[in-house]
Each structure stands twice: as structure tokens, then as C-alpha cells.
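Here the chain labels run A, B, C and D in written order, and each chain numbers its own residues starting at 1.
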Amino acid sequence: MQQTGSVTPMSKEMQDCVQACLSCHATCEETMSSCMQMGGQAQMQIMRTLMDCSEMTRMCADMMMRRSPMSAEMCALCARACDMCAEACMSMPDDPHMMRCAEACRRCADMCRSMAAAMA
Amino acid sequence: MQQTGSVTPMSKEMQDCVQACLSCHATCEETMSSCMQMGGQAQMQIMRTLMDCSEMTRMCADMMMRRSPMSAEMCALCARACDMCAEACMSMPDDPHMMRCAEACRRCADMCRSMAAAMA
Amino acid sequence: MQQTGSVTPMSKEMQDCVQACLSCHATCEETMSSCMQMGGQAQMQIMRTLMDCSEMTRMCADMMMRRSPMSAEMCALCARACDMCAEACMSMPDDPHMMRCAEACRRCADMCRSMAAAMA
Amino acid sequence: MQQTGSVTPMSKEMQDCVQACLSCHATCEETMSSCMQMGGQAQMQIMRTLMDCSEMTRMCADMMMRRSPMSAEMCALCARACDMCAEACMSMPDDPHMMRCAEACRRCADMCRSMAAAMA
């Protein structure tokens, strides 16, 4: 009877990491919208890293949620994408949207790195 | 000076709809993992609707977050995917995972339908 | 013995539609790259429709490839996204990249509309 | 005037790698459909690697197409996902669908590895 849809429970650390990824993903999507509304040259450079970071965080969260055997490697790569995006956002320190995004990226990078280490 | 990354703020209704989509997406990914662990014929039929629902809810949330002009139409289609997935999950009423997923799908379907109507 | 991984074969029309979607998706991704390199205000407006069209065409192709029961509805929505993207690209008639993208979008819109009608 | 949407042209190697990724992605989506139609325990184990491989190859192709600075790292991880998927498919040597998928995965893994090395 216990066979009804049991699935390995997620550790508290992994749950937090999934949340950090989803939150970073949401912030990236919002920041893209802001970039497209402004439309400057600087914004466009940042768009590239936002697109990468948005996709990586989403995919990383999805892989943890479905218990992919590649989760650890994905977390490591995701942390790198977040680092790059945080750095790009920091190039516009007067823009509160960019600062919020940089913060979400840094937090996600830290958690993904810890998660990758814990799973390795 | 107000040009620093301003972006149309999201209504409370849209925020709730985004949250319902992300929550439904997460539940679908977890339920897929459960299905794959069990591996029966019935589970496989449900996998199809889970995959559609998981992708639709994610894309619907992303489109609202980046203020896509197609958000209303996407919400309407997303509600349909959620309806189908809820119905599929209801075919296994003894599985608590499936019941949780059906509930998340129904809630998301309701909110997406309201959102589509409000935006139309 | 014939049970080894049989899958409903795809009609020639659906195969062509999948190809048109994938080709449109690729062109959108390339055009986004071009937009981000240029970074003007007009380009940014087009980015929104490119992002929608890129995601819709990809998802539409995926759904046909995995025989989703929602393929017809997705094709109909995808055709709309392609229409909007073609129109946006046409606003920059001097840019060969945009013209190529508009053409791919129009072709994909036509095929998706036919496909949606055929499946309905 | 030459500023009209120029974009760094893609090397022949990268074009081939993008094609191999898209082709592997398509094969994975078709194989998933076959797995879900059959619905055995073995098929379900393979579904996990198919889902990872399908998403990785798609994202890898997208990143190359939009000239992401993380393309090299993504190619390296994608090659790993393809390796794992090829190995999983090889566990059902009597299934022609699985054998076709394993072949597409191996080819994609090789090209992604070369690409990663060339870009590093």
C-alpha cells in the first residue's frame, strides 16, 4: 500500500535551493522586462546574461524537483550563470531593479554551490 | 531619473496567478518523478498530461512576469492544460501525490481562467 | 514482439509543421542575438515578440513530437505568436535579419494554422 | 548602414553542433512518446535520462544560436547528459527506437565535446 506514488523526500537544503532558483528565475524575467522597456545599449548587454541565468535557474530547479541524477552538475553550472548575471547587473548600480536582481543571483549562486558540493 | 528600470507593476491578481502557475509547475515535476519511480501503465498515461501541464504553467508564469502581450491567450490555454491534468490525476484517487497534484491543477486552472477574462 | 517502442507515425504534414516550427525557433534565437548586439529602442520592442515566438514555436514542435493531445490548440496559439512576430519584424524593413525572421514566422504561422485545422 | 542587425557568423563546426543537438532533442522527444506508450518499469527509468537529455540539448542549441558566453560550459555538460542517455537506451537493445536514440545521443555527445574543447 505504501507504493502509492512515494518519491524520495527532498532535504531542507534542496528545498531552499529550489526556492532560491525559482526566485532568481522570477527576478531575471522581471528584469528582462525592465531592460526591454528601457532599451539602451548597456541594457542589451545585460539581456544576454539575464537570458542565460533565467533558463539555467529554471532548469536547475526542475532537475532537482524531478530528482535528476545530473542535479549536482547542473547546480555547479547554474552557480556560474548566476555569478555572471550578478556581475552584469552590478554594472548599473543606480538601477534598483538591477540591484535587486544582482542580490537574487548572488544568493542563488551561493546555494547552488553548496548544493553541488553536498551532492558530490 | 525615474527612467531607471521602471516596469509596469503587477496587479495583485496577476501576482497570485503567477504563484499558482509556479506552484502547479512544481507539483507536476514532483508528480512526474513519482510516476517514473512507480512505472505502471496508468502512470505513463498521466505522464503525458503532466508534461504538457508542467510546460504550460511554467511558460504562462514566464509570460506574465515579462509582461507578454500574449499573456491572456496563454492563460486561457494553460487553464485547459490544467483541467486535463487534474482529470488525469483524478483517475488514481488512492494516490495522495496524484490528489495533491489534481488540487494544484484545479486551483491554477481557476486563476488562469479569471486572469484571461480580466485581461481580455 | 511488435510491442518494441512503436509510436504512432507522424503524418507528412505534421513533420513539415515541426520543421517549420524548429526553423522559426532557430531564426528567432539568431534575431534576438542580432537585436542585443544592436541595442536600440526599436530592437527592444521587437525582443518581446521574438521571445514569445521563440518559446511558442519550440513548445509547439515538442508537443507534436511527443504526440500531445493539446497539439491542435497549441498550433493555433503558435500561429498567433508567429503573426505578431512577423509584424514586429516588418517594422524594420531595411534589416535583412529581420526580413528573414519575418519570412520564417509567416511560413510557420501558415503551417501551424493548417495543422490546427487538420487536427480539429 | 552596415549596422543593420549584423551578428557574428557561426562557424561550420558550431552549425553542425547545433544541428546535432536539435536532432538529438527531436529523437529524445519521440522516444519519450514511445516510452509512455509502452509504460514498463524499464521504460520509466529511461524516461529520466531522456528528459534531462532532451532539455540539455535544446538549451545547448539555443545558447549557441544566441551566442551565449556560457556555450562552452553548456556543451560540456550537454555531452555528459547525452552519454548517460545513450547508455540508458542501450539497456534495451531489441528496441529499434531506443537504438536510434542512442545513436543520436552518441553523435551529439561527440560533437558537443569537440565544440567545448574548441571554444575553451
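Criterion: a contact is a pair of C-beta atoms (placed from the backbone, for glycine too) under 8 Å apart; a residue touches a chain by one contact, two chains touch by 3 or more.
Just so it is clear, the model here is predicted, and its values are computed rather than measured.
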{"item": "Which of B-D and A-D has more C-beta pairs touching across its chains", "value": "A-D"}
{"item": "Longest centre-to-centre distance from chain B, chain (CA-based)", "value": "D"}
{"item": "Interface numbering overlap (same over half, different under half) for chain A and chain B", "value": "same"}
{"item": "Intercentroid distance (Cα basis), chain D paired with chain A, Å", "value": "22"}
{"item": "Distance from the mean Cα position of chain B to that of chain A, given in whole angstrom", "value": "20"}
{"item": "Whole-Å separation of chain centres (CA-atom averages), chain B against chain D", "value": "27"}
{"item": "Where chain D touches two or more other chains, by residue", "value": "32, 35-38, 48, 51, 62, 66-67"}
{"item": "Sites on chain D touched by chain C in the complex", "value": "3-8, 18, 22, 26, 29-38, 58, 61-62, 65-67, 92, 94-98"}
{"item": "Residue numbers on chain C that touch chain B, as the complex places them", "value": "48-49, 51-52, 55-56, 59, 62-63, 66-70, 73-74, 77, 80-81, 84"}
{"item": "Contacting residues of chain A [partner chain C, same complex]", "value": "32, 35-41, 43-45, 47-48, 51"}
